[in-house]
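Handing you this structure, nothing more for now.
Every chain is named by a letter (A, B, C and D) in the order it is written, and numbering of its residues begins at 1.
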Amino acid sequence: MGGRGTVTQPRAAEGDLALLIGQDGKRFILRLAVGGELQTHRGVIAHDALIGTEWGATCQTHLGNAYVLLQPSLDEILLHLKRRSQIIFPKDLGYILLRLAIRPGMRVAEAGTGSGALTVALAWMVGPQGEVHSIDRRADMQELALANVSRLGLESRVVFHLTDVTEGFPVEGLDALFLDLPDPHNYLRQARSALHGGGVLGAILPTANQVSELVDGLSRSGFSQIDVCELLQRFYKTIPARLRPVDRMVAHTGYLIFARALAPLGTVADDTGSAALPLASSDEMTDEEQAA
Amino acid sequence: MGGRGTVTQPRAAEGDLALLIGQDGKRFILRLAVGGELQTHRGVIAHDALIGTEWGATCQTHLGNAYVLLQPSLDEILLHLKRRSQIIFPKDLGYILLRLAIRPGMRVAEAGTGSGALTVALAWMVGPQGEVHSIDRRADMQELALANVSRLGLESRVVFHLTDVTEGFPVEGLDALFLDLPDPHNYLRQARSALHGGGVLGAILPTANQVSELVDGLSRSGFSQIDVCELLQRFYKTIPARLRPVDRMVAHTGYLIFARALAPLGTVADDTGSAALPLASSDEMTDEEQAA
Amino acid sequence: MGGRGTVTQPRAAEGDLALLIGQDGKRFILRLAVGGELQTHRGVIAHDALIGTEWGATCQTHLGNAYVLLQPSLDEILLHLKRRSQIIFPKDLGYILLRLAIRPGMRVAEAGTGSGALTVALAWMVGPQGEVHSIDRRADMQELALANVSRLGLESRVVFHLTDVTEGFPVEGLDALFLDLPDPHNYLRQARSALHGGGVLGAILPTANQVSELVDGLSRSGFSQIDVCELLQRFYKTIPARLRPVDRMVAHTGYLIFARALAPLGTVADDTGSAALPLASSDEMTDEEQAA
Amino acid sequence: MGGRGTVTQPRAAEGDLALLIGQDGKRFILRLAVGGELQTHRGVIAHDALIGTEWGATCQTHLGNAYVLLQPSLDEILLHLKRRSQIIFPKDLGYILLRLAIRPGMRVAEAGTGSGALTVALAWMVGPQGEVHSIDRRADMQELALANVSRLGLESRVVFHLTDVTEGFPVEGLDALFLDLPDPHNYLRQARSALHGGGVLGAILPTANQVSELVDGLSRSGFSQIDVCELLQRFYKTIPARLRPVDRMVAHTGYLIFARALAPLGTVADDTGSAALPLASSDEMTDEEQAA
């Protein structure tokens, strides 16, 4: 089995995406190019000095200031994307990806595109065999998102659709669909048609009023298993002898809403099973209630 | 591009993992087998009545009670695994996967194995090209984890190592390593050796005292970019005209700790870049501070 | 100055309210009476054995089980009141008392009475010179509240009004008024009339929809300085070497809303001050913005 | 009963403490003095124009900018005190006052004095018959606190003790004692001596490490019923059609710790009650467990 699993090269190479973090916490994300330079407020670092350096090494600007050289993780990449709209925070994004059951090879859609942060995250997680459909009626947002996706080399995994979802989604048979729109309750019939039976719908909304409207619409549009939650993240100061939360935190990003598409009526199976048959694998797992 | 992206079959087939949810919220996860039966407290459902039924359909027991037929998402699967230890909650899991930068094709390790819930999650997310190493010194836990992984058909992606990490990790050059141990501060030298430079270390710990010990150890063992956080999840009642949080919530699962492995001293690159070279792609992304 | 300030008697006396806490955390509140007995599930304690005992002492039942003898604090008393409705939690109550600026000698009103828990708290805090008006249209609730208030010997501080506030409040010129009603937005004109200019209105509401209605009504009914908040309380396990939050917590009791009554138009003062006068005491305190 | 309960005068008078809030939310607290002037960044307001004006009225500066005239509540006063140290936030203060069972006529102590914010709050709540002892070894802090207390006319209720509590507290027989010190675990023997049996000890501490030390000390110094909690307060934007939490919040002020002083051994009462006596008033209240 040894050969499987991508082993990251231990040293930075031309074309790699790199993250540099200064001692003041200042962060830069760049793609390494022969001859390139990073201008910081604490001096210049030549890309050539980074290419060939071991990841995790400490590098110095021409003024002698230290920066740690790292490969950026997905959440770090997203926080540095060019944006013209609020992006989804890591605390919400991880949970959304889990609830949408994103996995390698999956086919998934989002509306709207926004700045393309979720687009990048979805493309990253579905891998080269996956397919992400991103739908928006604003050409300027899709251009920005395409630029962001392309900088990460993920453009082959994404199909952008410049269209208004009022007319319906340009894809169907989806496993998962995420709505990052101000009025998702207006597109639930269209969303239901885009999902296959049992597909997962997700949404994020900033206000309680929008949540009420969406939940009301979902229960009348062929969705069930509706749940609504919010995630609060609290960071701690990392002084071991004085462990305590930081002074301030984000109080709110958005409410997260998830639901499952019901199959249309008429698809219900008849129960023709014989009660005399032996028990099969239904006891494979426990049937404990959802913990949360 | 059309052919890419796995399209889920719209109907349940033999061998599929299925989730049935009753009107009382009771959940069952089962693998569909010809001739199988699910015994619920509200009647029996024959697997044969489910096979061929559209996902999202409502099925009935021989007593006429309704269950919705769904494909389980990863978080639902994890909550139903057989377990002998506390498993990682979805609210934490999504964020951990994001911070460890798990992606298709990745090679990653965890210690200890526990009941195998994180093992399953990692194997799910790295896809068929990925590789998960799971390390524990308890044979009974690894047997349980293997059983859980196998029931989901993910066993080809996981290598179990029955060993004590005091002696060092049996893998190296890792991009990411997660420690779910009561005393991770005792294995940081070994963990550092298992990661390549810049690799991500993650851990979850229930008590503040353990966090202090770990943070103290990390800063003295070649790690940087240490951060500590906790996630609080609050669910809402889904009555649109009476939107409000539920009465009770989980107050604590664990503190999450992340750090990056520094390269050993001596690998620091010299800054030999020429200040006269033109700016390259370092301005591709914004350099805003981490938002949270 | 020595003689001022009530010095609690160091020993329990007949007629005192006493709190007994068992080693299992089980709590009993009782009023000590000669010849009385407390029947617990772990044996009997005679009141006569408690009368004359020092507060803070450990007493035993006839079966040898230990109970600590304490004077109950206000929050402990409230949690043990007889009730037929949800009572206000300590986490909310302390903040409400502060925001309503409750103080000795004050005159304050509440609607509705409910089980009388807030009535008791207000009567406790305004002292023997204060006056609490409690308004409800349900006689059964007022009887329960009167019983609760009387058991604590606070009945001389409370005036109960059996009336419907649709007709207006039976008091006026109030400094503070608290509305614990399901539809406070329907009584804002009446509430405004009951408060003097600048008086504080407080309310607690369980759902976001109610908060929207109330805030909307307040801004159109002569109120300003409207704010809405919620308080989350998390308890910790008290094992010093394993400090961590408890497993579960209350996720929601209610949203707290506060506002100040504006004076009717026509009462605005003219600015006739002479700009040439020297600065007076306006700089006595800092003018920093509210911290939260 | 009509004559009881202080009725606030409906109009501002000389000597009153006044709060002015501008349309930008800017706040000023001042004591009204004939001939005084308030200089704001939006113009001047003469105190003479405020004296005689109805509370809740809107006043204007000489530049025509509007300010609402209010009586400040206790939490508003505290947020505007001159300070040289972190003061206790309203969210914590209300709960502390409740847990210490502060009430009119009470005798209570605090160490240290700090900037005097808690001193002011305690003096406000115990009323003219109460007595607050405030202990600190720093003369400069006590001078600041005395100034703050005096500006509010509460100085007759407070006794300042300039002393080091290492030597013991200068008062005894207390019902309640609050420790706002960095190392309260070093003064628990002294604190126990200052409290009567059953008295309440409270403390606030910023770090988890300090909490561990204090809890450890409390359980070995004659205290029981130890509990530790924290309060999180989240404010909401008050736009009815877009109800949502504000963007950021205070993540941490301090952990709150409370305990009750046990009576010294040897004071335990014998159980000499006769099991044959009839039940007395022990059933007056319910014995439900503490709700939170």
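In this text, contacts are C-beta pairs under 8 Å (C-beta built on N, C-alpha and C of every residue); 3 or more make two chains touch, one makes a residue touch a chain.
Bear in mind the structure is a predicted one, so any value in this text is a computation, not a measurement.
Visitor: Starting from the defined contact criterion, work out which chains touch chain A and chain B both, please.
Guide: Joint contacts, listed by label: C, D.
Visitor: Could you see whether B-D or A-D has the larger number of C-beta contact pairs?
Guide: A-D
Visitor: Could you state the distance in Å from the CA-based centre of chain A to that of chain D?
Guide: The computed centroid separation for chain A versus chain D comes out at 45 Å.
Visitor: What is the distance in Å between the mean C-alpha positions of chain C and chain D?
Guide: The mean C-alpha positions of chain C and chain D differ by 15 Å.
Visitor: Where in chain D do residues touch two or more other chains at once?
Guide: 208-209, 211-212, 234-235, 241, 243, 249-250 - these are the residues of chain D that touch more than one other chain.
Visitor: Enumerate the contact residues on chain B facing chain C in the complex.
Guide: 206-209, 234-235, 241-252
Visitor: Report the residues of chain C in contact with chain A in the complex, numbered from low to high.
Guide: 208-209, 212
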